[in-house]
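My questions will all concern the structure given below.
For clarity, chains are labelled A, B and C in written order, and residue numbers in each chain start from 1.
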Amino acid sequence: MVVHIPILIIISPLLAAFLVLLTRKYKIILSIASLIASIVFISIQSSRILYGDKITYHLGGWQGPLGINLVVDELSLFFSLIVLGLGLLIVVYSIPERHYGRTYYFLLLISLSSMIGVIYTADIFNMYVFYELLSLAMYLLIAYPKTGVTLRASFNYLIMGGVGLSFFLLGVGFLYAMTGTLDIFHIAEKMSVAFNSNTRMVLMSFVLIATGMGIKIAMFPLHGWLPDAHSMAPSPISALLSGVTVKIGIYVLIRVTYSIFSAETFFTISSHAILMVLGAGTLLFGASMALVQTDLKRLLAYSTINQLGIVLIGLGIGTELGLIGALFHVLNHAIMKSTLFFCAGIMIAEAGTREIKGLSGFNRQQPAITFAFVIASLGMIGIPPINGFASKLLICLAAIEAGYTVLVVIILVASAISAAYYFRVIQVLFSSPLEHSPIPTHGEGQVVHRGNFFRAWPIYILTAGCLLLGLIPALGISLVKPAVGLLLSHVVP
Amino acid sequence: MGSSKIIRTIAQKLFPFIVLFGFYLISHGHLSPGGGFQGGVVLGTAIILLALSHSIEQTEKKFKSRWLNMLEKLGILTLIFLGFLGIFLGYSFLSNFLPLGNPGQIASGGLMLLLNIAIGIKVAAGVSVIFYALVRYRGEI
Amino acid sequence: MNSNLPLLTVIIPLFLSLTVVLFVRGRFNQAQQLRLILVIIFLVAIAMACLLGLMLFEILKGNTIYGVFLPQVAPFGLRFQVDGLSIIIAIVSFLLWLAVSIYSISYIKTDLVRYYSLLLIILGSVQGTVFAKDLINFYVFLEMTAVATYFLIIHKKTVVALQAGYKYILMTLIGAFLILLSIILIYVETGSYEMTGVNKSGVPIVPILFLVGCFIKAGIVPLHTWLPDAHPAAPSPVSAFLSGMMIKIGAYGIIRFIFPMLNFDLPATNFGELLNILVISAGAVSMLIGVLLALVQTDVKRLLAYHSISQMGYILLGIGLGTELGLAGGLYHLVNHALFKGLLFLCMGAVIYSTGMRKLDDLGGLWKRIPITTSTCIIAALAISGIPPFNGFASKTVLTEAIANFGFVLKFVMMVTAALTFASFLKLIGYTFFGESKKQLIAAKEAPILILLPMIVLAILCVFLGIYAKFVLNSFITFAIAGLVQPRLILKVEFWTQGTALDTLFIVTSGFVAYITASKLGLIGREKKEFKIGSFMAKLVKYLSIDRIYCNIAILADKLCKKLDSVHSQDLNIHLSWVILTLITLFVTLFFVIV
């Protein structure tokens, strides 16, 4: 049974998804059980993987390159841990919403399962299929409250995501034409030959794949869908989107860049410079736009663009320290942004409005949630001893070591701008409520519960995670280092 | 949807042949162009033809929406179950465990046939359900 | 020697802060909460006193203490180093903290859990900052203090406090990021985070960045604009700790990291001279501008805040001179200022507690009703003006000795500032405690004992440090600077000479003259400005305000971003065109330009 673990991790939420459609009573238990099962499975294997032994699983008994392989190596392990952990917390957070029917949990489980599918598969076309499945589930989840704004946001995301994935498919097609195989590692072996013979075609496929994934990651000129989609979605889905889904795009980008086009090729075509420039542009753009938003979730969405710019800069730098910083920041951002969106969900539900101005006096009502929000936003700005500081510092160090001092200045300027808008929100949270505020005052002295237990505990766990990773960054770095070692050692012979 | 009597009769007569053709496509998926998805779409088309020529309400009475929903879910569950059978019988997920017969005959693809049937049923049910949903929204968009 | 003492000094307050949060919950009523908090503060006090005392004994013997905890992959991990400078500042900050927290028990009435946990975090972080062995640790604890201070400043949650806090945190974070930039540059150049890295780095921009960052934190003109808003907006005990300690951390940064570059004991380099001039002029300008602006204030705490800027100028002047006498003077003044400025804010807090008023207009004739507050306040005012036999006089004398060889201009600036300080405090004391009493102050009574006790203790310390100036100078201050100043000297400063007596006389008389002239001209004093000069001065101050420049910069940034936001369309077609455009650009770049 143990050897079947990779497929079981993917199938378990998938199975639960379809079972959830059949029942109404057991939907929550099924979802949580399946995710816990997946987490248990992955932990069984994690120690083996972290010691450098990668797990390959042949679907249907067909060996690659004809069959589809599932490969779990350190990079996949890292990303799948993020997906599963946050997925579980998101399901727990969604429990108090009574009006989320079976469709919601179905879509949620499908999206989580396909995320793991994208991460584990070693066949690039299969990656495309799973990614399309993931995107479909996401489109429907964003539009789950069927209001006009969410439908429009989902539609925008659908079109742009579809365009992006089509570019990805086109790039995959070029790769297949050049190398004759669809398995990632086989393509990598044939890539050096192909690169020398038809350079332009390789470049074209790379550009297509990168642009396609760029749309999914919301790099600067390709980000148009993100503010609407992330802000209009229901709060747990916003957390899923910002915290996890964009990270899948980063995973695909890393996998394609480092496993298919080896690191050397990447540098030869100096696309790392382009990545850094785009990353810096994304960074500044996200920070500037977030500064003037009045809607809380839109501000958080632009902040996601901001932080992803930093990750892109880290990726673009390409040295070991840069990659460690970038991946660590992926982990940190997933945790922090989920915390922020969870808190925002509670705040918006209590205050009845999404405007920042309407949230005044929230600290008086729920000091614990405010505390979590403060800790997470301090981490986003990059203030020690919270985890965001550790990863930002690593990226800055990597940037200066590689000689790009300008990048560090840009990162720090963006951090200052982040401080400006996060403290604006914190300020409002601490201010006194207006006289005619719509906030229900809890005159009886008891907080209106509304299932707050299920909403609060994921927030507490995530905040504890922020502080823990901030005080002992070695925990996170030890998770990331094997993955980076894998990436950088993969040199195509 | 009042169509003329000619169309209604022809549609009624054609229906079993279309269904047969759909099953043919499904079962010969590993031998000729076709397969689970294509055959399933043809099956769904049969139901859509009925709905277009007669009225939606009559078709819904015969092919109930609830049953179609259930069929769809059963289809995918069967697929996953067949995959698990592969695991239980010692091979990988979705690996073939039935004896392979002579190539060129129907019973030669092993697990492929069963998978195709499952997918075919699912797609047929799915297409019909989608059609019902779209028709129900007519006039509301 | 290696020990865990520094680690404990930092960890214990942080840990007890957590205890406060967990155990002093909203279930108890306030009296029980206060009792529990008192117990916790008592525990902290005993623990810190023991730890600091032990470390002091070790260091007096001549050793430095090192401590390491969680040594991880650099740059993370706690590394501590305690020497004379660190222990002195740690002890002073602990004393001030103790005074402030005991004072707060009677003063602060709302949100006790948050307040005391933050206060404990600040104690731990301040100790961590001065005990830090490498630059990253320094930065980490510095940031912790900054953030904890923000939440204390906005404790009252009024609109004024929130805005002041916002300005404070933005400017402090910008300063911190400048320091971080210089730290990163140092790492890349020297490969480590050692504290001496600042002066070893060859790139001149690095110390300048660090210096500017420290200037922002210390409240030096022209980067001081957060201070006059933040310090008055905080509750009085917090203001005392802010003015007393938090801005000193900026000065500590300069002493520890920049001072070794300042031409001391090294062959004179151009760059060292440049830094000298920079620090000295920043100090001098702060002194003058601080005191001039303080003269025209009508709010009690704002006046004291401007005086903080002015006195920080003194400290920087001392440090910037680059001689051992100058450093001794600067450090001595740092210690003294912590004591008397803390005392001043606490006294004014007591006045506010007793009367409920903050503006000079509303106060007067209180000496009959709150005599103890009055007398401690007078002691503090005399101390800050540099009148013997209080501690301000001692440190100012050392500074005067230090600048003796540096020309007439500095001496002139010092004298003028001292005189104007005296005048300003004449105004403060006169209008607050003397003069005719207002009707609504009839009911003012003396503050409770827990408020008065810290004030009295601080006042006694002011007197003590003033009278035994020579002893303090030669035993504590010299060994404090021993790490930075080689070899260890006995500083010969005569405190009770003819020169100093004449200086004092000059200060007192010119102070009186200035006060009388200015109040006749309507330049200072109460809201009523009969003369045109008064309103002219007000207009001048408003026009030349540096604060306005910063606010305008912020407003400009905001406008630019709003324009960006309005330009950013929601239309899908535009975004798709951007996608195609990006694709084409990437093609072109990669195909034709690179390969």
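Just so it is clear, a contact is a pair of C-beta atoms (placed from the backbone, for glycine too) under 8 Å apart; a residue touches a chain by one contact, two chains touch by 3 or more.
Bear in mind the structure is a predicted one, so any value in this text is a computation, not a measurement.
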Chain pair with the greatest number of C-beta contact pairs: A-C
Innermost chain by mean C-alpha position: A
Centre-of-Cα separation between subunit C and subunit A, whole angstrom: 42
Centroid spacing, where centroids are CA-atom means, of subunit A and subunit B in whole angstrom: 37
Subunit B and subunit C: spacing of chain centres that average the CA atoms, whole Å: 78
Subunit C residues touching subunit A - in the complex, by the definition given at the top: 70, 72-73, 75-76, 114, 136, 139-140, 143-144, 147, 150, 154, 157-159, 162, 165-166, 169-170, 173-174, 177, 180-181, 184-185, 187-188, 557-558, 560-562, 564-565, 568, 570, 572, 574-576, 578-579, 581-583, 586-587, 589-591, 594-595
Subunit A residues touching subunit B - in the complex, by the definition given at the top: 1, 4, 7, 11, 14-15, 18-19, 21-22, 57-62
Residue numbers on subunit A that touch subunit C, as the complex places them: 155-156, 159-160, 163-164, 167, 199-200, 203-204, 206-208, 210-211, 214-215, 221-222, 224-225, 228, 269-271, 274, 285, 288-289, 291-293, 367, 378, 381, 383-385, 389-390, 393, 396-397, 400-401, 405, 408-409, 412, 415-416, 419-420, 423-424, 427, 430-432, 472-474, 477
Parts of subunit B lying in touch with subunit A, wherever the complex brings them together: 73, 76-77, 80, 83-84, 86-87, 91-96
